[in-house]
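You will see two complexes here that share subunit A, one where it goes with subunit B and one where it goes with subunit C.
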Partner chain A sequence: MKFDIIIIGGGLSGLTAGIALAEAGKDVALVSAGQSSLHFGSGSLDLLGCDEKGNDIYKPLDAIKAVNSKHQYNKLEDVSSLAGVAKQLLERAGIATTGNITSNHWRITPIGGLMPTWLSMEGMATIEDPDQMPWRKVALVNIINYLDFPTKFLASGLRDKGVEVDVKAVSLPELQKLRQSPTEMRSSNIAKVIESNELIVKLAEEVYKVAGEGYDMVLLPAVLGMTNSEKSQQLLKLIKVPARYVATLPPSVPGVRMQTMLRKRFTALGGTFFTGDQVTEGLFEDNILKGVKTAKLDGTTLEADNFILATGSFMSRGLKADYNRVYEPALGVDVDDLGLDRKTWAKIDVTDAQPYMEMGVKTDENLRCMRNGTTISNLFAVGSILSGHNSIKRLDAGGVDMLTALQVANNIIK
Partner chain B sequence: MTTVNNNHYDVIVIGGGITGAGTARDCAMRGLKVLLVERHDFSTGATGRNHGLMHSGARYAVTDHESAKECIQENMILRKIAKHCVEETDGLFITLPEDDINFQATFVQKCTEAGISAEIIDPKQAILMEPSVNPELIGAVKVPDASIDPFRLTMANVLDAQLHGAEVLVYHEVIDVIIEQDRMVGVKLRNNHNGETLDAYATVTVNAAGIWGALIAQMAGVKINMFPAKGSLLIFGHRVNHMVINRCRKPANADILVPDDAVCVIGTTSLRIPIEECDDMRVTPEEVEELLAEGMKLAPSLGSTRILRGYAGVRPLVASDDDPSGRSISRGIVTLDHEKRDGLAGFITITGGKMMTYRLMAEEVTNLVCQKLNINKSCETATTPLPGSEPKEETKRFSFSQKAAQGRHGTLNDTIERGEAANDALVCECEGVSVGEVRYAVTKLHVHNLINLRRRTRVGMGTCQGELCACRAAGVMCNDDKSAQKAINDLNGFINERWKGMQPVAWGDNLAEAQLTATIYQSLLGVDKLANERRIEYYEI
Partner chain C sequence: MANETQTQNVSVNNFEQCLKCSICTVYCPVSAVSPEYPGPKQAGPDAERYRMKNKEFFDDALKMCLNCKRCEVACPNDVHIGDIIQAARIKYNTHRPKLRDMMLANTDFVGTMASPFAAIANPILKLKPMKAILHGVMAIDKHRTFPDYSSRKFESWFKKNAASEQDKFNKHVSYFHGCYVNYNYPQLGIDFVKVMNAVGYGVHLLEKEKCCGVALIANGMPKQAKRQGEVNMTSMRKAIANGHQVLTTSSTCTFTMRDEYDHLLGIDNHDVRDSISLATRFLFQLIEKGEIKLAFREDYHKRVAYHSACHMERMGWVPYSTQLLRMILGIDFVMLESQCCGISGTYGFKKENYERSQAIGKGLFDQIKEVNPDYVATDCETCKWQIEMSAGTPVMNPISIIAEALDIEATRKLNNLD
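Showing the complex of A and B:
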């Protein structure tokens, strides 16, 4: 099978590149193992949230200009324009967002913290200025027995910022079944139960009963809408008072929704999606990648003019570490392990900047991968698999994923 | 100055490890008025940092007949009184091509002399019995080793002490002793949560503080020659073996592999360290290498099994009193009557020994306490089942979490609230811990923080090392805004404590898991930013 471009990895970076290339009329195939770090997300995408000292960044565009020389943002031609393209790409996939590159806004974390972010999915509670809470009195409405929305922490966090908070909980008879099985009260299961219009209306009534009067904001766990934003938006409208969602512990329903909608957009554009599969081998000739083999397409070689590696970092298994070395398991491209010995990959205090976080595949100025020190002319890497950034400390995962993907799409189209 | 309940006790027991807990139980059962004090949580010292091996005594049979005999006797007793803490796995002593097969005959003979059943097994048969064992073995002997949960065992002893009227203060550290003329009459305690100090008085004070007992003795102006020996161990992510596997040779490093619950543990290394290092021991990369290399000789599949974490404990080795050079180490139980030894009445130290013989140690020291108090009552701890192990008709358990809790709490499982969805909701999916079990632990088992909770319920001990359950459990444990901030600090501490054990083995799946945990707790939740206190309890492995 032959394509213009083959993308390895179906998370945010792989799908972004796939959509951008398919929109440009390319014949694109994507091989995905299935899971994505979006499933552990917040319903927001971060661009650059914190400076070197860990302080919140208010104006990310200025801060991006000052990132250190190893950061992948240095390989972007025009950050500002790429950021605009990213927002529009999401919009065309049906994912409306608030936020822009000139100013960060703040998301509310599931335990009541405020974190600077770039784009938030519609319906998520956001705050423009962390020093000035927009609400006087808030009702936190959980679903009875749902443990992954820690309302006590959320309430305490909001009260610390001067907001009056009441904690309420509602349920529906349809959720009783889930409650009977102790492992079932998880976000994705709740989302699957509350699918029909009838239940959305009923849930809105229950919420209105406990939080209809006297609150200027009702905050709900983001547990609705795995495949589109229709249901979650409908509920907010039906509640009749201002209401927004706050992220829960994983799995993140908004994150799953984002991945699902991007995938739909990709296939609607004619992209080919090989799901539940993974690349096992690359067929290199000179400095060119000719094709890849996968675990499931027995014997078949997938060929293309260009390839994009978007398999993520350690937690996504895009990078692996064994006793002695860090390596990239799919194609065996060169990895920047910062020249460190295993004993120094990780630091003793978990909150320190961990060296392993910055490890990733080596790329040239056009984001092309290398093998044994030589650049492979038609193999690019995008997203978290890239070296040189620590998304835990700097809060830049969403930006690195989307903007490097768009840059590579541009590099290929050129 | 406040005193505890303005009361005078017959005996104060210092140390919430298995020896202290067992001593408190024995004293209380003999009708004494007991106060048990512990500076941190129960089982934070050597008790909580070993293999979890219930020795048959075979390991000591050749080198130390006395210890071997004590072990097998106590082994048989614990099977009866601590059923819910013990898993009867049996053990193998294997001979590898590099070992001397002639040792086996001596070994079997010495085992038999000590009363330990030791049955020579054909190597092929041994592989069928224990498929994970190194297939190159040339000899195998089956012995009645077993697996034991030290956290559970300690808690059961504490609970029984309390049932017999003992008072218990955790997070209360002895900061000084109170001496009047030539008699110790009590101790000064500091509440490690709020810094307040208080005095407690007793006729006899028992020092059961493990290696830290040397420091307690020092406060009393008494010298005990202790040699802290650090032992490091590794926990693997699943249970590779179902029998204990030992090497059939003289005891050496990393030659015991024990199945514990859903995991297995290899250990230990042995390294003399200064006493100052005992509060913050870390597993070094060299120790990891040695443990892995030796462990793979017992069960080769360890090489491809995920290591969950590394941890280190410290053996309280004591120099024999009759050896002025201090070089001759006593491996047995050491009871020091400081009245006779040093002219300080009202003070006794119980040390040496091993977890296996805790009950015997408790019996010996309680006998001495009773003698000092002129009380004539015999010891009943060898025949009275611990709470949780009373004979009782098996209740049928249906859910995974009920079965898991039954395993952890034995018959006490019935006191956990169930039936309501609010109680049955699962906090920890790996270990099957329900909201009801968390509440039970908080109200009944002296749980002050998430690390305490882990020791009582196994929350966060599974393969995910607390990925989601820590946050859920913290939510269940907090009641108001004040406790919410404390719970966030606690959560932050818990994540760091889990990392302490993962960091020395941070490669493979562990590194992936660590990155995921950081993504959830730092990027998504921002727990490190919300925590307003960076107190990390390094002793809290």
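Showing the complex of A and C:
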């Protein structure tokens, strides 16, 4: 089968590139093995949250100019304009966000931390400036028996910031039914139960009963709306007092929503999705990638003029490690292992910056991959499979995913 | 030494690869609507650890699993969750199947019995009192419309109208028609023969064909499924020895014979597997290689929405059918969002599952009504029953759409048959 572009990997970076290219009229196919790490998302996308020392960044544009030479942001032609394009791309897919590239805002983590971020999906609780908390008194309203929203941590995190917090809990009989199987009281199942207008109205009433008066803000677990934001926005309106969502432990409903809506947009643009399949081999000829083989399409080669590798890092199996080496399993492109000895890949203290996190595939200035030291002229890499950044320490995952994807889309269209 | 340790560390159905991310739960159509179902992660890799210790941990709720494999498609770590659950049902379930389940599962036996009496059986199966009896005594849900039994089996049609023509062709394939084509909808088989003949392939039936067994597996009769599977494998080996590919027009039969035979029933199919293919895939591959060409009628204009059947999705073959349909210029093609229709073979026919089955499919039915196509195209016959009953839109196999859109004369010319 032949396409203009084949993208390997169906997470945020792959879908961003796919949508940008399909919007430009290209015939794009995307091969995806299992669901992506968006399912662990926070409902926000980070651009550059922390400096080398771990301090919060307030003005990301200046900080981006100062990143070290290995960081992929150096390969972006115009960061501000790409960031604007990214926001619009999300919007066209139906994903409205707040935030911009000139100033970070802060999101609340499920365990009560405040993290600098770039774009937050509508309805998520955000804070302009962590040194001046916008609320004096907050009601933290959980759903009874829902365990992936650790209210104690959350409350204590907010109290540390000088906010007065009351923890409340509400329920509906329909939700308590989920407890019949105790392991299944999960965000996604709650989202599936609260689908009807009737239940949303009832839930809003319950929340209003416990937190209707005396609070500057009502904070709720983000467990509504897996396919669009209509339901979650409706609930906020019906509560009648200011209310916002806070990310839960995985699976992340806002993350699933983002994944679903991006995929829908890609398909609506005529993109072809190869679901649950895995690229097993690349057919290279004279430093050009001619086609790829997959596990399920035996007998068929997927051919394209250009290819994009967007398979993510270790956790998404875009990179693999054995006892001797780190490698890229799909196409066997070169990996930058930072020249480290096996013993120094990881630091003993898990909270330390882990060196292996910065490993990734090697690319040239146009984000093209290499094999045995030679650049492959039509194979690009985007997103967290790229070397040179640590998204846990620097909080730059969303930016690296979307901006490198858009840059590569531009490189290909040119 | 170190490397060896790692390569050996592979567990049955990859269950130890589970990192407890719960992504599978997000995509399980049953846990969405049935809170009493433990969900794929719990029912699969988690509980497997307990079951390995003591079979008492087997939970009857596992029979609620549709075996749709959507969990497997979603799992980022390639855990064969659906296989783990089905294997546990085969291994630990001690209940004998009910008469109703035996009836629903024996699609070919019941079909053989009903076909000669189709004129009587169809109206009877539609009568309210009969439905009440099925509902009350047999626990087959009264809301269900039974697929009509055709008065003439596909095999009879083939022998009478087509068989003698087939040797005239230079190239040949064997056709595994499946129960549905044989007893309920011979037209699909007729369409298949028409398309294959138009591109220069003679069609032959297998020496002996048994139901693929998918319904037997689902209804707790793995031994009978295995026996039937062995019969199919023997017939297919003969066909393959004659140089034939074995084609089907059902994604579920294909998936069962290629993957479930080996994974669940322990049937050795390694020498046959690659020669079993879906007709749409076969045609697409031939077109791509330039070996055949299709010409379509210029006056053909239809809005077609494609539904990805669960097992089609699991095989990863959806694009073969959609790319083929997109070759028909007169088609206004819409891709439906991939989700389960809820029927899952015989599952949705059971009284205890009816409501769940409809709740699972609701999103899909709403989507179809919104898109408002002339046809829904899908590669699975049970999806057809479910969607026609619940969304009211006619459903066609891609092969039937191709047969309808095909300009036979022009196609024959293009393939140098005249």
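In this section, the second predicted complex is superposed on the first by the 414 of 414 C-alpha atoms of A that agree within 3 Å, B and C clash if a C-alpha of one lies under 4 Å from a C-alpha of the other, contacts with A are read in each partner's own complex, and residues count from 1 in each chain.
Heads up, the rule we're going with is that a contact is a pair of C-beta atoms (placed from the backbone, for glycine too) under 8 Å apart; a residue touches a chain by one contact, two chains touch by 3 or more.
Keep in mind that what you see is a predicted model, and the values were worked out from it rather than measured.
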item: Contacts of A:Q180 with subunit B and subunit C, given as first, second, both or neither; value: both
item: Which of subunit B and subunit C A:V256 touches, first, second, both or neither; value: second
item: First (subunit B), second (subunit C), both or neither touched by A:H39; value: second
item: Which of subunit B and subunit C A:S120 touches, first, second, both or neither; value: neither
item: Contacts of A:D277 with subunit B and subunit C, given as first, second, both or neither; value: second
item: Which superposed partner A:T16 touches (first subunit B, second subunit C, both, neither); value: neither
item: Touched partner set for A:S387, first subunit B, second subunit C, both or neither; value: neither
item: Contacts of A:S156 with subunit B and subunit C, given as first, second, both or neither; value: first
item: Which superposed partner A:T404 touches (first subunit B, second subunit C, both, neither); value: neither
item: Footprint overlap on subunit A, comparing subunit B with subunit C; value: 37, 40, 179-180, 183, 250, 317, 322-323
item: For the subunit B and subunit A complex, residues of the former touching the latter; value: 282, 285, 399, 401, 421-422, 424-427, 429, 434-435, 468, 471-472, 474-476, 478-481, 484-485, 487-488, 491-492, 495-496, 499-500, 503, 506-508, 511-516, 518-520, 522-530, 536
item: Contact set on subunit A toward subunit B in their complex; value: 37, 40-42, 46, 54, 109-115, 144-145, 147-148, 150-153, 155-157, 159, 176, 179-180, 182-183, 185, 247, 249-250, 313-315, 317, 320-323, 342-343, 345-351, 354, 356-357, 391-392, 395, 397
item: For the subunit C and subunit A complex, residues of the former touching the latter; value: 2-3, 6, 21-23, 25-27, 31-33, 35-39, 41-42, 46, 61, 72-78, 274, 284-285, 288, 308, 313-320, 322-323, 335, 337-338
item: Touching residues (chain side subunit A, partner subunit C) in the complex; value: 1, 29, 33-37, 39-40, 177-181, 183-184, 186, 188-189, 192-193, 226, 250-251, 256, 264, 267, 272-277, 294-300, 316-317, 322-324
